[in-house]
Amino acid sequence: MTYYLTTLGVYAGVDIIACLALNLQFGVSGIVNFSFIVFQAAGAYTAAVLALPPDSQNGGFQHYVFGAQLPFPIPWIAAAVVGGVLSVPVGLVVLRHLRVDYQAIAMLVLSVIANLVITNARPFLNGAAGLSLVPQPLSDRFNAYSPTYLWAYVAVTFVCCALVFFVSQRIVKSPYGRTLRAMREHELAVTALGKNPVVLKMTIFVVGGVIAGLSGAILVGFITIWAPSTWLYPETLILFAAVIVGGRGNNWGALFGAALVPVGFEEATRYLPQFGPPGLVPALQWVAIGLLIIGFLWFRPKGVLPEKPGRFAAATPVVGARLTKEPGVS
Amino acid sequence: MSPSALEPTAGSAPATGTGLGVAPQPMMTVRNVERHFEGMRAVDGVSIDILPGRITGLIGPNGAGKSTLLAVLAGTLPASGGTVTFDGTDITEWPAWRRARHGMIRTFQLPSEFAELTVLENLLVAAPNHRGESLRGALLGRRYWIADERREVARARELLARFSLSAKESEYAGSLSGGQKRLIEIMRALMLQPRLLLLDEPMSGVHPSIIGEIARYLEGLRDGGLTILIVEHELHMIERLCNPVIVMAQGKVIGQGSMIELRRQREIVDAYLVG
Amino acid sequence: MSLYLAAFGFGLVSTSVLAIAAVGFTMQFGISNMINLAYGEVMIAAAYASYGLNNAGINIWVSLLGGAVFGSVSSYLINRVLYAPFQKKGTALIGMVIISLAASLMIANVLLPIVGYYSVSYRQNVGPTFHAGSIALTGVQLAIMGLAIVLMLVIHSLLKLTRLGKAMRATSANPTLARNCGIPTRRVIDTAWLITGALCGVAGTVAGMNSDTFAVASGAGFLISIIAAAVLGGAGNPYGAMIGALLIGEVTEISAAAFSPEYKEVAAFAILVLVMVLRPQGLLAKRGTLAAAG
C-alpha cells in the first residue's frame, strides 16, 4: 500500500511538473511542442546514465554510455541542463520560420524519430530493452525501499513541484508572460511592436525543456527503469489533454489538469482490475483522451480554469496625480 | 516625470509645416524597392520619399501593391531588391522588430488585437524597455519591475483617456467593435512613441460614424509632429488628411502630389480615381 | 553496386506507394488548409478493411477497391463530422493540428481491439519475378507501379481538365473568393475528401501488399514518410508531392541498403529537417498548383 501510494504521489508530482512546463510552452506561448516527452526522456536518460555504474557491472547485461556513478543531486541537475540544451537546436530549427502547424508536425516527427533511433541504437542507451537498476538518489546511504525513503521521495518531488509552480507563476504574472500571451494571440503584431519573436520563443522553449528534463530525472530516480516504450509520442498528447482540460495559460489549470487527466486516467487505473481482452482498457483510455481533447476544444476551449487577465488597481481620478494604489499585475 | 505618450521624439529633420518653405529632409527614402511573389512583381521598382511631420497617402486599385509596399517598409516582408533608408541609416536588411525599436511602427489591414488580453494589457505589451519583459526580469520578481509597470500603466491610461476608451480598459480586446480595435492598434503603436507610423487601411471594417473620429485623432497626431504613411481606400479621408498622395498601380508609382494636382492628371484619373 | 541498383528498384516501388499516399495527403492540406495527422491511421484502417475482404477469400485486387471505398468514406466522415465543424467555428491552426492528432490516436485505438496487435499479411500471388540487371521486382510490385502511374495521370487530368478540378484549385487558393464566384465550396471540399480518401485507402492497401506484413503500429512510420514527401514538394502541391515521393522513396531504400533498414525513416527525417531549415516553403513552392496559404 505504501508503495502504491508513494508511486502515485511521485507520478502525480512528475505529471504536474510536466504539465506546468507544457503550459508555459503551449498554454501561454502557443508553441505546439509535440515532442515534449522527448525532453522528459532526455532528462531521464541523462540522470540514469550519470547515476548508473559503468555498464560492465551487473554482469554487463545492458549497454549504455557514461555510467559515471555520480552522487545525487548531480544527475538531476545535469538532466535539467540537458533538457534545456537539447531545446536550443530543436527550437532553432523548428520555431524560427515555420507556420505553427508545420512546427507541430516537425515536433511530432522528431518525437517518433528520436524514439526509433534510441530503440535501434542499442549500445547508446540499451535500445528497446531500456535501462534498468538505475540507483535511487542517495541509495548508498539510505534503504531505498523503506517507507521513510519512499515518502521522503514523494516530499522531495512535491518540493520540486512547488518550485516549478513558483517559477511558472512568476513568468505568467510578469510583463514577460504578458508578451508571451500576446505572441500566442498574434505573433506578427508582437513583432511589429519591436519584440524579437525568436528570442521570446527560444527562452520559453528552453525553460520548458529544463523543467521537462528535471521531471524525467525525478521519475527515473523512483521507478529505476527507463525504456523507449515509456516515452512514445502519444504520451505527449496526454499532457496536452491535461493542459487543455485544466485551462490553457493558467498554472492552477495545469495543476488541476495534471491531477485529473494523467494521474486520474493513467496512473490510478493502472492498478484497477482489467476487463475484456488484454489491451482493451488501455486502448479505451486513449480513445477517452482523444474524446476529452475534442470535447473540451468544442464545448469549453478555455478549460475548467480559464486563463485570468492581468488585474490592475483602479486609476486615480486626477490625471497626472501621484498614483496611490499599486497598478501592477496582481 | 513620464513624458506624454503622444509626444513623438523629435526626428532629426527640421521643423515642418504643410508644404511651406524649403523641402525638409525626408524621414524615409525608398529607392527602387521590389518585392516578388512566386514570380509576380507585387512591388516593382518603387522610389518615394516620406517627409517628416506629414501624412502621406498611398492609394491605388486593388492589387496595386500598396499593402505589400507598406509591409516591405515595415520589414514584415523582406524586400526582393532596392534600398530603404530611415533617418540616414540603411535599414533594408533589418528585421521588423528592429525597425520598430527605431520608431517605425505599422498596423495591419486585418484586426490584429491580442484578443484574449484586456485592452489595457494590449497597450502594455507595446511598452518598450520594460524591466519585467525579459525572462530574467520575470524571475527576479515583481519588486524588480513594478516601478516600470506603474509608469507604463499610467502612460497607457493617459492614452486610453485621450482616445475615450478608459471605460473599456478591463475588457477583452477581442470583444470590442471593429473601430475600437483599430484605435487599440493605434494606441499600441503610440505606446512606443514612434517617429513614423505606417497605417494599413485603418478605416477598413470601421463603422462610418467612427471614421471621422479616427481621422481627427490622426490629424491631432500629425499636428503633434508625427509622420504617418497611410494606405487607404476612403478617398474622402485621403483628401482630408494627406499631402502628398502617392498613387500606385501594378506595383509601380504612377503619380504623386496633392489630391488636387493628381485630379488634373488624366492617366491617374483613368487608372484609379474614376472607375 | 548491384546492391544499390536493387535498392533503386525497390525505391521505385516505395515511390509508387508513397506518391499515391502523399498526393492524397497534400491535396487535403490544399483544400482544407490543415494537416491531417490521422492520414496514416486511416491508411492502416483501410489496409485492414482490404485484409478483411482478402481474408474472406476475395482477390486482393478486388479487396483493394474495398479499401479505397473504406478510405474514401471514412476520410469524408472525419472531415464532415470533426474537422469542418471546428474550422467553421473558427478554431485556429494550432487547435486543428491537436484535433487531428487526437483523431489519429482514437482511430488507432479503436482499431487495435478489433484487429489485434499482431502483424498480418495479405493472401496474394506475387507473380513471377522480373529481372533487369540487378533490379528484381515481383509482378505485384510492377502492378503497383503501374497503378501509381495511372492514378497520377487521373489526378492530373482531374485537376487540369475537369470543372471539378478547377473548382478545387480555386477553393484551395482562396475559399472565400471561390464561394463568391459561385463555386459550391462545401460540395467541392466534400468531393475532394472523398477522392483523397480513396487515394489514402489505395495507398494503405498497396503499402500492405508491398511489405510482407503490416500492423496498427505501422501508421506512424507511414505518416513520417508522407509528411516528408509532401513538405519537400511544398505542402498543398500534388505535383510537388509526386517528386517528393520519388526523392523520399529512393533515399529511404538506398539508405536502408547502405546502413540499416531500421533507420529507413531517419533518412526521411533528415531530408525533412534540411528542407525545413533551408526552404520551408518546399522545393516547388513557386509553381504551386494547390497553393498553400501562409
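First chain written, first letter: the chains are A, B and C, and each begins at residue 1.
Following the convention adopted for this analysis, a residue touches a chain if its C-beta (ideal position, glycine included) is under 8 Å from a C-beta of that chain, and two chains touch if they have at least 3 such contacts.
These numbers were taken from a predicted model, which means no experiment stands behind them.
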In terms of Cα-based centroids, which chain occupies the most central position? A
With chain centres set to the mean of the C-alpha atoms, which chain is at the far end from chain A? B
Could you give the separation in Å between the centres of chain A and chain B, each centre being the mean of its C-alpha atoms? 41
Taking each chain's centre as the mean position of its Cα atoms, how many Å separate chain B from chain C? 45
Indicate the whole-number Å distance between the mean C-alpha point of chain A and the mean C-alpha point of chain C. 32
In the complex, chain A touches chain C at residues 30, 32, 34, 93-94, 97-102, 104-106, 108-110, 112-113, 116-117, 120, 233-234, 237, 240-241, 244, 276-277, 279-280, 282-284, 286-287, 289-291, 293-294, 297-298, 301
Interface with chain B, chain A side, in the complex: residues 167, 170-171, 173-179, 181-182, 185-186, 188-197, 203-204, 207, 249, 307, 309-312, 315, 319, 323, 326-329
In the complex, the residues of chain C that touch chain A are 34-35, 37, 82, 85-86, 89, 91-99, 101-103, 105-106, 108-110, 112-113, 117, 220-221, 224, 227-228, 231, 235, 260, 262-263, 265-266, 269, 272-273, 276-277, 280, 294
Where on chain B is chain A touching in the complex? 74, 76, 95-98, 100-101, 105-108, 112-118, 120-122, 124-128, 130, 132-135, 137-139, 141-142, 145-146, 148-150, 153-154, 157-158, 161, 166, 169-170, 172, 185, 188-189, 192
